[in-house]
Amino acid sequence: MLEYTQHANAGDQVRREIEEVLAQGRTRFQEYLFFRSRMHGVCVVLDGDIQSCASDEAIYHEALVHPALLLHPDPKRVLIMGGGEGATAREVLRHPGVEEVVMVDIDEEFVSLCRELIPDWGGNAWEDPRLRLQLQDINVHLDEEGPGYDVVIGDLIDIHDWDSPAAELYGKAFYQRLAQRLNPGALLATQAGPLVPNDLHGHLAIRHTLYESFEHVRSYGVVVPSFYHLWGFALASNAPLDTAPAVLYRRFDETARARQVEIPMTGPEALAAAFALPHAILRSFER
Amino acid sequence: MLEYTQHANAGDQVRREIEEVLAQGRTRFQEYLFFRSRMHGVCVVLDGDIQSCASDEAIYHEALVHPALLLHPDPKRVLIMGGGEGATAREVLRHPGVEEVVMVDIDEEFVSLCRELIPDWGGNAWEDPRLRLQLQDINVHLDEEGPGYDVVIGDLIDIHDWDSPAAELYGKAFYQRLAQRLNPGALLATQAGPLVPNDLHGHLAIRHTLYESFEHVRSYGVVVPSFYHLWGFALASNAPLDTAPAVLYRRFDETARARQVEIPMTGPEALAAAFALPHAILRSFER
Amino acid sequence: MLEYTQHANAGDQVRREIEEVLAQGRTRFQEYLFFRSRMHGVCVVLDGDIQSCASDEAIYHEALVHPALLLHPDPKRVLIMGGGEGATAREVLRHPGVEEVVMVDIDEEFVSLCRELIPDWGGNAWEDPRLRLQLQDINVHLDEEGPGYDVVIGDLIDIHDWDSPAAELYGKAFYQRLAQRLNPGALLATQAGPLVPNDLHGHLAIRHTLYESFEHVRSYGVVVPSFYHLWGFALASNAPLDTAPAVLYRRFDETARARQVEIPMTGPEALAAAFALPHAILRSFER
Amino acid sequence: MLEYTQHANAGDQVRREIEEVLAQGRTRFQEYLFFRSRMHGVCVVLDGDIQSCASDEAIYHEALVHPALLLHPDPKRVLIMGGGEGATAREVLRHPGVEEVVMVDIDEEFVSLCRELIPDWGGNAWEDPRLRLQLQDINVHLDEEGPGYDVVIGDLIDIHDWDSPAAELYGKAFYQRLAQRLNPGALLATQAGPLVPNDLHGHLAIRHTLYESFEHVRSYGVVVPSFYHLWGFALASNAPLDTAPAVLYRRFDETARARQVEIPMTGPEALAAAFALPHAILRSFER
């Protein structure tokens, strides 16, 4: 039996039965593996970490995208950092007021593999004229592009080794450059590692760095069943973020209705509830 | 290396590194295993299923106990079914208005093992004069005892095989007998298996059966990290249950304050958010 | 991490780290998987069982082929049943007196995969004019072909389920048909499952059936490290088989020298020693 | 399910289903674990390595003891280094001419555990007046004891880390002291790690060091099924060692008969065959 094994933390492992390996190899930038698991459909692995599985990628991508877009009063230009599977763009493009989505992914080969092997993850996004796909280094993009983003979505790999090159995109210098490209009132949303009370160092590192470039930072978490963890995200902005649950409920619900945005796998209530973290986690946050 | 392996579902496994096996054997009723895991401290296993681990048993037990007790306006008599570890009683007894907690666990040997090996899980409960411990079959208890419970907490093992004898305690006949012992306005809370969108049969079976004896049933879920799942619970009552998130937030918060009940690991906000399940789960509920 | 997991027996498992999956799929007849393991190079799996790994396939194939060929005074025509990887033919063709090797493998697609993915296992055999490759059912071959084999090599998959169709090729009726196609003095050698003292049922079943068609049967075993077992083989003949170790040593050594047959991975001494099984195994043999 | 996991090498693992953990802890010298596996009965683990399992400990201990004792013309005094399970002494004492067995094991607590948990492994040895048990450092023993051993059996843990303190007992200095305590014609037999063609470094290290203190060294290997490897041993002596298979067969057989020594699990033939290693291993030996 083929299996995919991944450490859930320093002591526990998750093993998944594999039905078929669809592709395995190395692009110029990373190692990839696409396999179909017995329980979760096709799973995408980059550098040894599961990125998403078909059974619940929509939970992950809805949670990554919609809180920021619903909290922004009128998001017109959106930047996606990474997002090669296409699912992040798919969710952003549900918001009818969005005029342009710039998706910057350094790895052309990986994006091609996704379009070939998991075309439905991107859905109509790949053909949507509002999507501008830039297969280049995000730093080059930031050099060349003028300012003007309303929302930035960070759909980059999670970092285990904070000395690795990829960790730069979660670093202070990078966030500061990014902050300069944002419109007033803009929001950044990023995946931010697992939210496990006794194993929060990765999430705390991201929160800490965001606070060096943004005045307001909020953590939230959603259960992505195939991740076997509460998965963490962070919202950051220089505009105030009112994430009191009662406020969020009303706001997500009303805005989604007004924009006629469907959020099929999670919904406004579950997204609002994602901001109500247990004390066991909250007490690790400094502020 | 010693490991504990458990199927997370039909295709995936979780393996935990064990530092020490504390006790292993068989009582008259079940197989037990107490081990200290590297990540989660002491874990208690019955009949091959992890019941709780020290690192987050409080999240599980707070979620099992407090929603029902906070929603009841004045819970005085509480029945715990099972609960041998003592932690459920510990949480119930936080509510100062509770006058009597009857804990009925059939397995005297298991309760003794818990008091010896994990005494802090029960905390002061074992010495609290309000606790009445009955080491007998819950059916015998229901035969002998008069009515009069305000809240019933079902802290029984999860069922994989719905033809097993233990499944009887999640069955229609049993719930109907139980319903007859309840005071008006009483609530039942029970653990109700994992809440995983593509693997909900266990939870749905419990919901379905509860609806045969109670007018109102609500599902909620809390992340217990050592379970590697969103863990499900069900509330049932013949009195209306208003679990709109905004209502719950206010109610949990106000009631906890009024009773001066501490809910240290989760808190009123996270418990209220537990009722806001994602559409991916809700759409499997018939009503 | 990708892994390949296989039960070593009813209680133990072997897990192998996989570097790359080379091919995976289903032919008309069987499921195949070719992967490169970290320790053993490319491994070939059929219907969930490892057939051979590059690191020690030569030990397996030398042990399968050379005892029978060295014990026959002048093997001219050899039949290989199965053997799609090509390595069995490679070993048979080392014997210069062999005039024709008929290799009958039912699975053309699998043979093609082997020639593409592990071409060196067959070595020069695929081009050797003495090799006649017949991609058909062995039963059809036996119907069409006249008698006249000096040695038959059974390189078929090991049987776990004795009710499966493949088990027929280890059955009494098949062996009796086969016996009728043999020249006087001919030998049959077949793989015969693991030789583990407390788990011998598979090997014993093969011995038992061989004894129904042949007067003399001998078991021998060789350590194939990547199998994690002493692997069993059986020799059968209607001519007497003198396998006293001292006799075998001399005979293997002298014959190998006389024929100038190299046996690079095992050698005549180790092959002779393979017949000296421990009492723990011998006492399970009826005769 | 409880499992015991051990690396078979750098890429593969063996996982064993555990029925019961009998004892687990730490003596002054080492970590121990006694468990009953589903396939192999009680297994003894020291410092994370399986020492032996009930199902085939006799194969291991017969192979460790009898070649040396059968090759010595008249072994009277035997030293066992380690051997806490008692099984090595049990095998040595089968030889009726043995007058004294000095068993030196540093770990009194481990020896007590073995006598309590696996008393049948020692059999009658613990009560045999010829056994002298010394619970002390072997170095202290060598300081205090005069010379005069005919056979020395090294039943010490296998070494993974050649910089660890235990590695000293496989080192040049130690072997040279030991060599000075031996009678003329004496033999040393020691366990010598797995014999796997592409993973021989441990065995080669032991061979190399033995050659620095003894003129003649021979390797041999026996399949211990619960080890999932061909297990290696080494014989060393300053007297010539004629281990040509034909010679060994006759000698083991005749001597075992003459002494009326039963070797129930392996037997003289299998022990002689243990010296006929495959070329794949032999070619790694320098001499």
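Structural remarks
Labels for the chains are A, B, C and D, by order of writing; each one numbers its residues from 1.
The criterion applied here is as follows: a contact is a pair of C-beta atoms (placed from the backbone, for glycine too) under 8 Å apart; a residue touches a chain by one contact, two chains touch by 3 or more.
Keep in mind that this is a model prediction, so the values were computed, not measured.
The set of chains touching chain B and also touching chain D is empty. With respect to chain C, maximal separation of chain centres occurs for B (centres as means of Cα atoms).
Rounded to whole angstrom, the centroid-to-centroid distance between chain A and chain C, based on C-alpha atoms, equals 53 Å. Per-chain CA centroids place chain B at a distance of 57 Å from chain C. Here the spacing of chain A and chain B, counted between their Cα centres, is 34 Å. The multi-chain contact residues of chain C, meaning those touching 2 or more other chains, are 15.
Contacting chain pairs in the structure are A-B, A-C, B-D, C-D. Within the complex formed with chain D, the residues of chain C that make contact are 8-17, 37-40, 55-56, 58-59, 196-199, 221-223, 225, 228-230, 245-246, 249-250, 263-267, 269-270, 272-280, 282. On the side of chain B, the complex with chain D involves touching residues 1-6, 15, 18, 20-21, 24, 33, 48.
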